[in-house]
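Okay, here's the structure, questions in a sec.
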Amino acid sequence: MNQPVVNQSEGVGDNIVLRDLSKFYGDVLGVNRINLKLEPGITGLVGPNGAGKSTLMNLIAGLNSPSRGSVEVLGVKPSRTEKFYSQLGYCTQYDSFPSGIDGYDFIRNTLLIHGYDKSAAEALTQQALQQVDLLKAANRPVDAYSKGMRQRIKLAQAICHTPQVLILDEPLNGLDPMARAQVIALFREFADAGNIVLISSQILHEVDLISDRVVLLNSGYLVAEGDLTHIQSETGEPMKIFIRSSHANDIASSVFGLEHVVEVQLHYDGEGLFVRSSDADAFFLALNGKVMAEGWHIESIGPADETVEAVYQHLIVEQQVAT
Amino acid sequence: MAIFQKAYQGYAGELTAPLQRTLVIFRYALADVFQSRIFTAFFLLCFLPSLLLLCVIYTYYNLELLMQFEVPIEDFIAIDGTFFALFMQYPQMFLLFVMIMSIGPTMISPDLRNNAMPLYLSRPINKASYIFGKLLVLLFLGSLISWIPSLILIFLQAYLAGDGWLINNLHLLAATVVTSLSWIVSLSLLAFAISASVKWKAVARLFFFAFYLFGSILGEVIKAVFGGWGGGLVDISSAAEVLVLAMYDADASYMESSMEMPIWAAAFMFLAVSVLAALVLTRRIRAFQVVS
Amino acid sequence: MNTRELTAQSMKVPQLIPGFSLWFRQLMAITRIEFVKALLSRRALSCYGLALIPVLLLTISGFQKNDEDLPVFETIENARQIYAYVYSTLILGGVIFLGSAAIFTSLFRGEILDRSIHYYVLTPVRREVLVTAKFLAGLASAFILFGLCAGICFLALYIPFGIEQIISDLSNGIAMQQLEQYLGLTLLACMGYGAVFMATGLLFRNPLIPVVVIAGWELIHFILPPALKVFSIIYYLKGLLPIPLDERPLAVLVAPPPVWISISGMLGLCLLALGVTIILLKRLEVRYTDE
């Protein structure tokens, strides 16, 4: 499938719009001809190391300028610094801070530079520190923070001015399970309020949990984009369906004869089965008929491979192995 | 037994000699230095003055060639200590300074910044061998562009001049080796000390240059205000000049020697810089990481 | 932590409306932050050391006797002559030059080396405001440090002559006039060198290159032909010295520029360098590679 070309006026005001975006570092390709529209909600950015995730995020945040193409965030180009950065928060991959600064001053200084007066800056600092659960450690130097704390203070710095767009480069790195859950909940709140959140992560299971849609990058190219069902259906791969039923054996022998069923696998407990079908709609229709006719009891049924991991496996890992 | 116990077993074999281990640091540091194409080009250029001087000495003794160009031989100065000090030692010292400024301050700070010291020193390598391994790079490269070509030039001159020239000028051999080595060792240790005290190599280079520039300005001002040779004690280039003049037994009227410093003071200056720098180095290089 | 509770409690964020009042607030905030970094952090220790050396030198010479057992500063005129030499050679050519290189180069290059420049780039601040604020912070810290150095050195001249001489010189205006001139010169030097080093800090990855080149150019300015002398900062500054100094041997002698040309030249250079810095900052690509 070709990438959708984003029209000049198409929903620019509420979205992040990338048009024909390319970045080259001399002979090295960063990203190439990316056309993308990111809508409010959480978008997971997935790809192997060196796929161009951080480059793409840096381009969106204006830290790097594109070799070709353009970026617009809520209808504003990065060159309009005042408007652009007042609506954007970016938690970068760089684990570095101004030397000798403590957590509180790090956030407060950011807000003062934004132009907030002292009292507003202090109130917003408190709020941001509370959101990432760092109030107690606020007066300690950032250099003495643990990795997880440094990650959280970076997050606080990205959200302290309540931006409408949050770009987060591997924000869950170094966080313990408790902090991960808190931070994920924070992103969800933020997205539910109609904001855009773009998250890159290597932990596919977590992207699965967080994201409303995913963007897959590989070797600087956009591989897929959209919600998982949509991507999965376009891969052309037989769909894997899991059925839990006490009649698993009967169902297995019955559906095995269907033309579009390419694989049937019984679950080890004998109470379920996996079915691979190249035509999911036809399979569900046929199964419905058989269940009605035989009076089988079905406990649950659903796609077993509608995960980022499955899509990643098919679109990136298998392609790499093939080439 | 089909399944073997999989536990860590330390190396129980014999270790190589300490010098051989030091040479590992030397080898890697040397390879690192030549990663820069600009430095490689500069290093090759450093042989040019010696090559030019070789041509001059050859031409000097080739009367037929000189007469072809109608050059009056009496206009040439004699090839003696003053000649070698002026045209060989001084340019070499300048090139050594530039060489040490470009690579010396970059040799320790990256290891410290990346917390590599605990890794180095957890091997059978101690502080001294680490520093010596790095110093060997500058000694080796510095020698290649200073006293080694100088000795070749002096021997060439002795061969061409004949008549017991070498016996009369035997002190030149010691002069070139001692002055070059003192200059290389003291500047290298100074560069290392700065490199070990500063986080970034770019800043370390800047500090090294500032130390040299400010030292010579301060030396000049101290001389102007107080008189005497006290200013030479903060100006390493003046001390080097004094050492060269004395060791080469050169005619001071050709030099712009601004300090009438005794040779012992110049030697003391080199020693003091080296000792102080070594002290800083032993303090800064440690096998543990300090978290502030 | 309950995020729903937090969202409910979230404060209303005040709206920031671009305009002069916002720019001024941002300018003041950045200047304050950078001033503290430049003057009150460990980074400033080397500059304190630099500024201390002339103070120590002139204080010691105030108590020192020469070979004929006379004070080093024989008369107050002689002391002023010595000060003019120390000021132009050591303070201007050494302390202010190297100190400005350290302070102003680190304003941007220091943050690139520290990998923290992106925090500034990601703020909604006009690049013009950011450059001006950083420059003002650098200028304030450099002037405080080196102005104090020049001032204390000037007062150290009076050690052998006692408090009466200071009072008399301050009251009849000679000392005050000269001190003002030296301080003005210090300010102009910090401005000129500072603006240039701030621009070169963004232009060159290795800050040593511009410092060596500019130091070399300034050192040989006295033998440069008049057409080239106009491109050296020290040419304009030396013309403003209250006591003209003898030129070195081999110097190409030219009349010093008029005061107004010196001052406007320095201001012009400063504006030009700031303009270049703004352009460089707008084109800055944040990509931290190894040094």
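Residue numbering begins at 1 within each chain, and the chains themselves are lettered A, B and C in the order written.
The criterion applied here is as follows: contacts are C-beta pairs under 8 Å (C-beta built on N, C-alpha and C of every residue); 3 or more make two chains touch, one makes a residue touch a chain.
What you see is a predicted model; the values in this text were computed from it and never measured.
Student: Count the touching C-beta pairs: is B-C or A-C ahead?
Tutor: The greater number of contacts lies at A-C.
Student: Return the chain label for which the distance between chain Cα mean and whole-protein Cα mean is smallest.
Tutor: Centre-most chain by C-alpha means: C.
Student: How many angstrom lie between the centres of chain A and chain B, each centre taken as the mean Cα position?
Tutor: Chain centres of chain A and chain B, defined by C-alpha means, are spaced 56 Å apart.
Student: With chain centres defined as C-alpha means, what is the inter-centre distance between chain B and chain C in Å?
Tutor: 33
Student: Express in whole angstrom the distance between the two chain centres, defined as the mean CA positions of chain A and chain C.
Tutor: Taking the average C-alpha coordinate of chain A and of chain C, the gap between them is 49 Å.
Student: Send over the residues of chain A in touch with two or more other chains.
Tutor: Expected reply: no residues.
Student: So in the complex, the part of chain C that touches chain B is made up of which residues?
Tutor: Checking each residue of chain C against chain B gives 46, 50, 53, 57, 61, 64, 66-67, 72, 82, 85-86, 89-90, 93-94, 98, 101-102, 105, 109, 113, 205-208, 211-212, 215, 291.
Student: For the complex, which residues does chain C have touching chain A?
Tutor: 1, 3-4, 6-7, 9-11, 13-14, 16, 18, 22, 25-26, 29-30, 32-33, 37, 41-43, 111, 114-116, 118-127, 282-283, 285-288
Student: For the complex, give me every residue of chain B touching chain C.
Tutor: So the residues of chain B in touch with chain C come to 101, 110, 199-203, 205-207, 209-210, 213-214, 217-218, 220-222, 224-227.
Student: Within the complex, which stretch of chain A touches chain C?
Tutor: Residues 25, 58, 61-65, 79, 81-86, 88, 90, 92, 94, 96-100, 109-110, 112-117, 120, 123-124, 127, 130-131, 133, 157, 161-162, 182, 185-186, 188-189, 193.
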